[in-house]
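First the structure, in the form of structure tokens, and then the observations on it.
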Amino acid sequence: MRGLLLRKLPSALLVLFAASVLVFGVLRLVPGDPAAVLAGPDAGPEVLAAVRARLGLDDPLPVQYLDWIGGLLTGDLGPSYVIGGETADLITDGLGATTELTLGALLFAVLIGGTLGILGATARRPWTRGAVRSLTTAALAVPPYVSGVLLVLLFAVLLGVLPPGGRVPLLTAPDLGVQYLLLPALCLALPSAAVLGRYLEDSLRRALAEDHVRTATAAGIAPRRILWRHALPHALPPVVTLLGIQTGHLLGGAVLVEAIFAWPGLGQLAEQALVRRDYPVVQDLLLLLVAVFVLVQLLSDLVHARLDPRIRWE
Amino acid sequence: MTTPLLDVRDLDVTFTTPDGPGLRAVRGVSFTLRRGETLAVVGESGSGKSTTALALLRMLPGTGRITGGSVRLDGTELTTAPEDELRAVRGTRIGMVFQDPMTALNPVLTIGRQLDEVLRAHGGRDRAARRARALELLSLVGIPDPARRVDDHPHRFSGGQRQRVLIALALAGEPDVLVADEPTTALDATVQDQILTLLGDLTRTTGTALLLITHNLGVVARTCDRVLVMYGGTVVEDGPTAEVLARPRHPYTAGLLAAVPRLSTPSGTRLTGIPGTPPDLSLPLAGCAFAARCALAEDRCRTAAPPLTALATAAGPVRAACHPAAERSVPLPPPPPPVRAERPAPGPVVLAAEELRKTYRGRGRHRHTALDGVSLTLRAGETLGIVGESGSGKSTLARILAHADPADAGRILLDGQDVTRPGRTALHAVRRRVQMVFQDPYASLDPRMTAGDIVAEPLRAFGIGTPADRPARVAALLRTVGLDPAAADRLPRAFSGGQRQRIGIARALAPEPAVLLCDEPVSALDVSVQAQITGLLTDLQRDLGLALVFIAHDLAVVRQVSHRIAVLHDGRIVEEGDADEICERPRAAYTRALLAAVPEPVPAARAEEFAA
Amino acid sequence: MTSTLPAPAATGEKAARRPRHPYLTALATARGRTGLALVGLVVLAGLLAPLLAGHPPTDQSGLTLAPVGTPGHPLGTDDLGRDLLSRLLYGIRADLGIIAAAVPLGAALGCLLALAAAAHPAADTAVQRLFDLILAFPGLILALAVTAALGPGRLPVVLVIALAEIPVFGRLLRTGILAQRGREYVTAARVGGSSGRRILTRHVLPNAADPLVVQIAVSLTVAVFLEGAMSFLGVGVRPPEPTLGAVLSQSMPHLAQAPHFAAGPLVTVTALVLGLSLVAEALNREIRR
């Protein structure tokens, strides 16, 4: 286990480092003077100079880079000139909302995907299998911005049972918070649920066709127990890796879903910062999201190894 | 006589296919098994032997269905029993052991857990008692230090040990019948020997009846009192093992016995394969399944299916499904004694290897020495047999001699010239002289190329002939290996295993090589086809003066085709010499162990009586 | 000699000589046909946009949020009085243009990198780390990064889609090449004297290509998703030019009063993606047999 971590960690750190350089470098390539953008069109030369000094734009690039990374690591991100307030506060505010949304979606994805996958792999009746197939195909065929619109139309506009957008934090008011969370989390989860379901179905189907399942059947073990205690543990490890990758897609998709449901998370912050060209905030956010994703993938690799003894001993 | 423990009558199994009438894999099979009896079901691939075994417990794969007949266990009908009743039979009344120990255990569960699951399914309520029983079972099947090994995962065990664990799983429910489907096919001869001994001991001590499914007549002779020979989904002969194997009544049994290489058969002899291919099971069968390949077939054999008829013999009841056999009072005449093929004397040395070494690096510091100083010489027109078990380095040796992998140290000499690390042009020249035939006739042909293109590939690579005359050359090559040239535009999947191996041989012959390296060329083939391929190789050697390196794990085949034999063990040649000499007067302890482990279809004493 | 060796008739005449290409067989299934029909319909609508649309897509009339069936505006008009049918058709056209440029570009670049990786172990390491780096920016986060640097527009959308597809195709082909290289028939070809280039082009690549074909269909759907999402977020193609995502995004505030506003692009996107998924599934099933 530790060996695996030691083997995986360097490449994860390398990817993180490269990503940070990329984010840093690309935003320096933006045409125009960032100070001019940040100070606004009417700023005089003194204001410009002040902004430049505050951002450290006159320092050599490596120094700027190190300052930025140092700030990230210490949590001192400086003020946001365009949006206003401390960048660190903006991010902390959004982080809670996005975490809530992503975890909610992850839960949905695992529940729906798991159900569909197991049903699809074990259903005997052709029509059950057909129904599962159609459901996953439909969930895959409808982009989140379409399903989001449809969900709002159905539950908020036509039925009026759930709010069309906004957020009440789950921790302050759980009953109300859930109502607000339900639609966006479902919308975000659907594509991942379909992908997970397909993959689990495939993996489980293959596990059920394995010789060791035949061994267990011949030994008189009940089919239900074979499914849960023999085939599923064998089918699960690769699904965990996929789950790690899907978490990344949930993070990315959150940007879109937050826009649809006016969910005040990091995605909304990113969109706002992008449209208003608040580059320091964009830069911080991008690296944060990438770092979370790389971490989640590392974690899923470790869990995969935990579940599959053959990897542990390699 | 008491009622038999297991009574199978007129069993029919059909696999439905999306286009067509379905595949009748088992056709009217009947047999009985008494308490404590050992019965072998023997046949080649497609004979329906494994399907019959799986049908007993209604565990047919895919679209397979029992379409007729009955299976009675102590009088209880199993073919129509409800699923949960059947589940109570599985494991407790009938236990099963499957072929491939590498895949038959769940890789993510410890073996203790897997044993525990089975014990739990059969009502073991007390956790501690189940664990104690698991340890007991593991020591019963000869796993050393079970208390330490019980919490290990399957990949920590060797192939033989895994097969032992599988036997423990099958015995956990204390069944009355143990069904073992090719339990030793994936194992080395020495391990096979241990597993067969274990099965024999267990059935004797526990009184469990054994139904052994195998293709290996030697295993049958070694393990079972009674044998059932299957062909084309039907039973062609059954009776006491000693009687059936010594005095076969059915022409198929006789043909099969004649095709099996014996360890006692001297070098340079030729086996008679059974001509033709097995019947297409998707077609209705009018007469005897074997009629199309039978030299003794009469008109009625093709129109009326022969019933399994009891024949009076001295040794006990033998039944054969053969019209002529039913009327004959004496057994079939014994096969002609093996004929020594005329072999020209070997010429000068063409290929030599000196002190070859190869080490593979695994993850981390783990290293595996595949070859540890191997030297050999090969003369024109000579066959050098190389025998070894899995992991002995024999395939590595073939790949290095073929320049598919480089050696770490040592020299390879071709016609006296050092070709160990040839340059680009030199390598091309070496390849033209040294060609290779591969083990797996499925993996070694590009699935997207037609047979003709595959054979033409070396012609193009070595610039032999013009594009215009290549088709004629390809046709000639296909004819040389006994294939119809009209098959040139078919894809590999349209051919049977033996036919594919012929394509592989034609490809290797295309550049007119002096040396042919054959890496387990017959181990993936049925016995009757094996004899065809070894015969072909011998003929090619005689006609073309080829030098052959024949690599195999089966000593009997190697002795029969080789002039000289080298025994490979752990990357070293432990013994080398004249083929007959090595098999009759082995010097190395390892060679003796290897020889002792080979099961012979007919016990030596009986073979002499046979010859007399 | 041939007397002991039977001239075997290859098993069964139904093993046809020049068998039909498996892709054609796959597309001829019910699933494949439905998929092709759906995709074909949408593509046709996009191609014929100038003929079918009665108005230029950016022309504003006095009629805002006209309902379906309004004379001259069969699908009604949007909040600025633009003809919705025309915007839908030109939107399809714009979308198709983007995905038809971006997906092949990404696939080609990915395959080139995979081939480079196959050539040398050092290149392999470099290419793998590059793929890891691109994959560290999942989907829309990549879109944010690119548009942060380049601003919104058609080119960034193409770039984002192409970039996102590079590691997908690259990894697929790299794995395929590695798997095929280890197969025995490749060793056989090598021992048979075939050159490295011929082994790659004649043996390895044809056998490694199947998953790529399926992936193209899957990637086209991902491209439709990405374009729509970027337009929806306002970082895609610049208004007033219509794309499917842009029209949909515009319709959001008017959902309660004028649901028909969203109907056109909703149905179109779903049909296109469904069609592509069906084609991918059909191909996948046939190849795996």
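A, B and C label the chains in the order they appear, each numbered from 1.
The rule we apply is simple: a contact is a pair of C-beta atoms (placed from the backbone, for glycine too) under 8 Å apart; a residue touches a chain by one contact, two chains touch by 3 or more.
Listed by chain with UniProt protein names: A = Peptide ABC transporter permease; B = ABC transporter ATP-binding protein; C = ABC transmembrane type-1 domain-containing protein.
All of these numbers come straight from a predicted model, not from anything done at the bench.
When each chain is reduced to the average of its Cα atoms, A sits farthest from chain B. Of the two chain pairs shown, A-B and A-C, the one joined by more C-beta contacts is A-C.
A separation of 47 Å divides the Cα centre of chain B from that of chain C. The distance from the centre of chain A to the centre of chain B, with each centre set as the mean of the Cα atoms, comes to 52 Å.
In terms of their C-alpha centroids, the spacing between chain A and chain C amounts to 23 Å.
Partner chain A is touched in their complex by these residues of chain C: 129, 132-133, 136-145, 147-149, 221, 224-225, 228-229, 232-235, 245, 248-249, 251-252, 255-256, 259, 262, 266, 269-270, 273-274, 277-278, 281. For chain A in complex with chain B, the residues that touch the partner chain are 210-212, 214-222, 225, 229-230, 233-234, 237, 307-310, 313-314. Residues 57, 59, 87-92, 95-96, 98, 100, 103-109, 114, 117-118, 121-122, 153, 155-156, 166, 169-170, 172-173, 363 of chain B are the ones that touch chain A when the two sit in their complex.
On the chain A side of its complex with chain C, the touching residues are 11, 14-16, 18-19, 22-23, 26-27, 29-30, 137-138, 140-146, 149-150, 152-153, 157, 191, 245, 248-249, 251-253, 255-256, 259-260, 270-271, 274-275, 279, 282, 285-286, 289-290, 293-294. Note for the complex: chain B touches chain C at residues 272-273, 275-277, 280, 399, 402-404, 428, 431-432, 435-436, 438-440, 443-449, 457-458, 460-462, 479, 481-484, 487, 489-491, 493-496, 499, 504, 507-508, 510-511, 532, 535-536, 539, 543.
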